[in-house]
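One structure, pasted below without further comment.
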Amino acid sequence: MIEMLQQASSYAADVDGLVILVAVLSGFWFFIAQAVFFGLIFRYRAKPGKKSKYVTGREKHLNRWISFPHGLVLVCDIFIIIGSVNVWYNIKQQLPEADRVVRITGQQWAWTFQHPGSDGELDTGDDIYAVDELHVEVDKTYHFLLEARDVLHSFSVPVFRLKQDALPGRSITGWFRPTLTGEFDVQCAEICGIGHGLMAARIFITDEAGHAAWVTQNTPNP
Amino acid sequence: MSVKPIATTRSATGIPTGRLAVWWLLASEVVIFGGLLGSYIMHRMGHPEWAEAAVHTNTWFGAFNTFVLLTSSFTAVLAHQAAESGQGKKAAKYLLLTMGGALTFLLVKSVEWTIEISHGYTITANTFWSFYYTAAGLHGLHVIAGAIIMGFVAADAWRGEELQRVELIGIYWHFVDLVWIFLFPLLYIAK
Amino acid sequence: MSDNHHVNYKRVYLWLLALLVVSVAGPFIGILSVTLITAFGIAVVKANLVIQNFMHLRWEKTLAKWVLITSLALMALFVAGAAPDVMRHEGQNWVNVAAADAVDRGVVDEHAEEETDVAVAEPGVFDAVGQFNLICAMCHGSASDGMGAAGLALDPRPADFTDPAFWETRDDQRVKTAIRDGGVAVGASALMAPWGALYDDAQLDALVEYVRSFGPTGQ
Amino acid sequence: MAQATVDVQHAEHDVHEHHGPQGVLKYLWSTDHKVIAMQYLFTGMFMAVVGGFMAYVFRMQLAFPGSSVPGFGIVSPGEYNALVTNHGTIMIFWVAMPVLIAAFGNFLIPLMIGADDMVFPRINRLSFQVFFLSALVILGSLFVEGGGFGGAWTAYPPLSAQGMYNQTPLGATLWLIGVALEFVAFLLGGINFITTLMNARAPGMKAYDVPLVCWMIVIASILFMLSVGPLIAGAVMLLFDQTLGTGFYDPAAGGDPILWQHLFWFFGHPEVYVVLLPAIGITIDIVATFARKKVFGYKLMLYTTVATGVLSFFVWAHHQFISGIDPRMANVFMVTTLLISVPIAELMFVIIATLYGGSIRLTTPMLWALAFIAEFLIGGVTGIFLGASGADIYFHDTYFVLAHFHYTFFPIAIIGTFAALTYWFPKMFGKMMSDTLGKIHFWGTIIPFNVIFIPLFVLGMGGQHRRIYNYQHFPDLAGADFQLLRVIATIALLTMLAFQLVFFFNFLRSLLWGEKAPKNPWNANTLEWTTESPPPHGNWPPDQMPKVYRGPYEYGRPDREPDFWPQDEPA
């Protein structure tokens, strides 16, 4: 299903790659464990006249069967940790140079997106405010300043593999770089009251010309 | 009084059952107060401006109450000493003195709070005062609970029954004292 | 285990009182670090005296010591884990604007006037305008024209109280019911939430009056 | 204190007297640990029905949005939130905990360690009374003006703190009070379990002779006790925010909403292990009995459990990766989170290794115990996706999370409970349960369970987020294929709920007309099987209190003819 969902940001593929890494490593253990488990149940089912073995678990040659996989699980964990730190650092900790900055404000139960106008700067007269519509240009790096007015919200764009809670009183910076054009869902992924289910927005990713046209069309008259 | 089950009389750890339970109870209290005071300390260090509010707490009330609690702890331990040597009546008297300490503490506290509230420093005045009333209030509830239980223990001790409980309520009371020993600098002295 | 530990309780008690005097005297020197050391250092010493001598932990089995040490260590762990977010007001890619503001405000207050940091809200007075702007305006707009930020997204759109046509079919009772029990109660949109749990009857009337003031009769 | 150190052997002869409960009042007021266990069990089962009904209502709403749910009516967004919130709260605090820890802890600990009761029977009774009160409060909170609290079981402020945000000021406050009372009940109960196990063991029973399930319940109680404190403090602060208007969690007043998240999850994560450990303990005891095998490494199991418990305190912020905590801290918590997979994997390996060389009898309790392992493995493995912070950016608050923790909590709370109930039913009620009906119920529960939650994994991977009453507002999620998966899950849920009727029928039938149970129907070793079924008040005649000569898992010894060796049989 995750393949069905498009990868519309520069790091979406990294997140999916990590998911696949975890799936392979943990899936390996999962299937081995289940196979051994059902195998043992079948092999040692009760048969008339056959008594169970007396095993304490301290026997060296048997104990290996626990301690060896035990060590291997640890090794797998280390691979996952490395992969995960990589992805996490890239998405949440570092900030690549921004082409544009948008301010995203969550409130019960709508998103307000403050786009920079044609001057490319926030908090100037030509800023474009849009409710529940985020318009971005493909292949440009965006920083977002995430804020909330009342309660917790969470800015989530599944096709970007991006999610970040918005907190009242705080301003959280993050980034994304769209790589596909199209129109996708923006969700609120933190329960925010009775209208939580209504708090949907759309992100419109257009090419340079399309975006410029939208900016011109929507720039407020001075 | 119902008969005690055999289970209560056993002591596989070597610590009498009642005392073992009190230690576990204290551990659970440590984390309750720890969570509250930890939250307070984190906020306090992040908000230097709270020192401004803390100026309005009255160190002398706090110091006097510390004195009261230390004294009541002293009488509690004397009660334990008396109970150990089997002097139930003497233990009960010392416990009564300890309860008197608790009552004094609460009286001083109520005077102090009345003055503060009348000056507008209510629980909603700012978050420092919220912590101040919550922490001291939670501690005050423990004082009240301790004093009530102590009344029952003292009544039993007077009749020479359940003398081991004198020590148990004593340990609890020392803990209440300990919490105040830390609340005093946190709320009153550090300004 | 023996119960015959001969502690001189009176001596411990006198020590505790002496330490109390020192910790109260500490702040009079007026140096912050001295205050903190006398306050918290002495608290630890006092606590130790009480624990060891009054609670008899010195003679107790190791188990009890471990129980208490574990609970204390866990609290240290909790503070260590939470402090980067709660104690600090900025970090990697985030800043706690509200807390920083509160600090600034507090510092300003300090210079402006001594006692002004105590803002006591007047009890009993219901601020209908304030509540409208806080709650209703999100959808209905602060100009009451149904153009609130959240309202733009809704279908059907929130009612426009400035529209005279709206008031032709409405009376105060209906508006009140709608506020109290939600849009469904008057056959309107389910997206109008019931707010009755928030306001008592008089407050509802005040809100209705304010809403009514946008309509033709109010002008 | 001097009295308490009286020679234990001597004391056992003269202190006890028998007066069994008589009449209903006597029953309600009983301090007998078995009676209190039943009270917890039946309250928990009733709450499970309530929680199950809630699941039915909101699953129906999700599958057929907007249509009237039979037995409930139209589900409004506010009601939907209240349903999911209280479903979560009730299932964890009023089903999993009372049944697994309180009911089985109360029933098993004194019996398994050879004591006649808990060490503090009256505190035990008080614990249940407070618990019962808390259950009434939480049920009452659903019917007050404004409706039940709808801010999710995590109750993050500011939503939970202010009535103007959640619109359920009364419901939210009652919810909080209910939860806090429940904590108090379990603190009282927990102290009792811990001291009973530590102090009241039968003569001869050393620490390593205690059946693992008792250790697990006690370690769980310790975890609960040490983790819940900060949340109790936090709950008081939240209560003041709600009722007095303080600003502990209000950023505008200098408070911090993140503080609550830390307080909550500092408790919330260990809480997972609080309910998990008893279920693992139940499983290992049942597996040992029906595989006729000694547990593969008793001490290994015990120490691993302690290690899990300790580690569980270091991982809490993995629930908060994207909640606005400093991103650098996420790395620390991610590492600890993945490390905890090691001891948990080890616990699973030990149970699986116990099967080796056994003589496995697939009775109903054994089926449940084995299903616990098979299903919990899925829950454990999917947890790694969420523990890896990079992947959690995507998975957080999606149905993947939901499916993951249902794959842990369902095995814990439902499978574990049914395993224990079918295993100890003969001891509890003195009647045998029908094995055929038990197996029908087993398969009728396990298969639909997987059919409910596997589609939810898929939905989660497709980006479906949680706590949404109707997905029509999200065009990417409103498609027919997504809706089909929701309908499948709902139909499976209905099937599963229907099969629970088989269980209730079997339960009542066995209770009324079941075959009388012998003392030791499963040929098990532990002490509870050495007394009558059901055990009398005081468990054993006071002059025949058991003594212990060996560990609890001496099955299949080559030097003995019967393949079991009860703990109290002199060598």
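In order of appearance the chains are A, B, C and D, and numbering begins at 1 in each one.
The definition used in the following text is that a residue touches a chain if its C-beta (ideal position, glycine included) is under 8 Å from a C-beta of that chain, and two chains touch if they have at least 3 such contacts.
Remember, predicted model here, so these are calculated numbers, not experimental data.
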Busiest interface, counted in C-beta pairs: A-D
Separation of mean Cα positions, chain D and chain B [Å, integer]: 34
Length of the line joining the C-alpha centres of chain A and chain B, rounded to whole Å: 48
Multi-partner residues of chain B (each touching 2 or more other chains): 13, 15, 19-20, 24, 27-28, 30-31, 34-35, 38-39, 42-43, 47, 84, 124, 126
Multi-partner residues of chain D (at least 2 other chains): 1-2, 5, 76-78, 167, 198, 226-227, 229-230, 251-254, 256, 258-259, 263, 266, 324, 327-328
Junction residues of chain A, two or more chains touched: 92-93, 108, 168-170, 172, 194-195, 198, 200
Chains that touch, pairwise: A-C, A-D, B-C, B-D, C-D
Chain D partner contacts - residues on chain B that touch it in the complex: 2-13, 15-21, 24-25, 27-36, 38-39, 42-43, 47, 84, 86, 123-124, 126-127, 130-131, 134, 138, 163-164, 167
Of chain D, residues touching chain A in the complex: 76-78, 80-81, 150-152, 156-159, 165-167, 251-252, 256-258, 291-298, 300, 322-324, 327-328, 330-331, 334-335, 338-339, 341-342, 345-346, 348-350, 352-353, 355-362, 370, 373-374, 377-378, 381, 384-385, 388-391, 393-394, 396-398, 458-459, 461-463, 465-471, 473-477, 555-558, 563
Chain D to chain C touching residues, read off their complex: 1-2, 5, 76-78, 145-147, 163-164, 167-171, 198, 226-227, 229-230, 251-254, 256, 258-259, 262-263, 266, 313-314, 316-317, 324-329, 333
Contact footprint of chain B on chain C as seen in their complex: 1, 3, 9-10, 13, 16-17, 20, 23-24, 26-27, 35-36, 38-40, 42-43, 46-47, 50-51, 53-56, 60-61, 63-64, 67-68, 70-72, 74-75, 78-79, 82-83, 86-89, 99, 102-103, 105-107, 109-110, 115, 117-121
Residue ranges of chain C touching chain A (in the complex, touch as defined): 92-99, 138, 149-150, 152-154, 191, 193
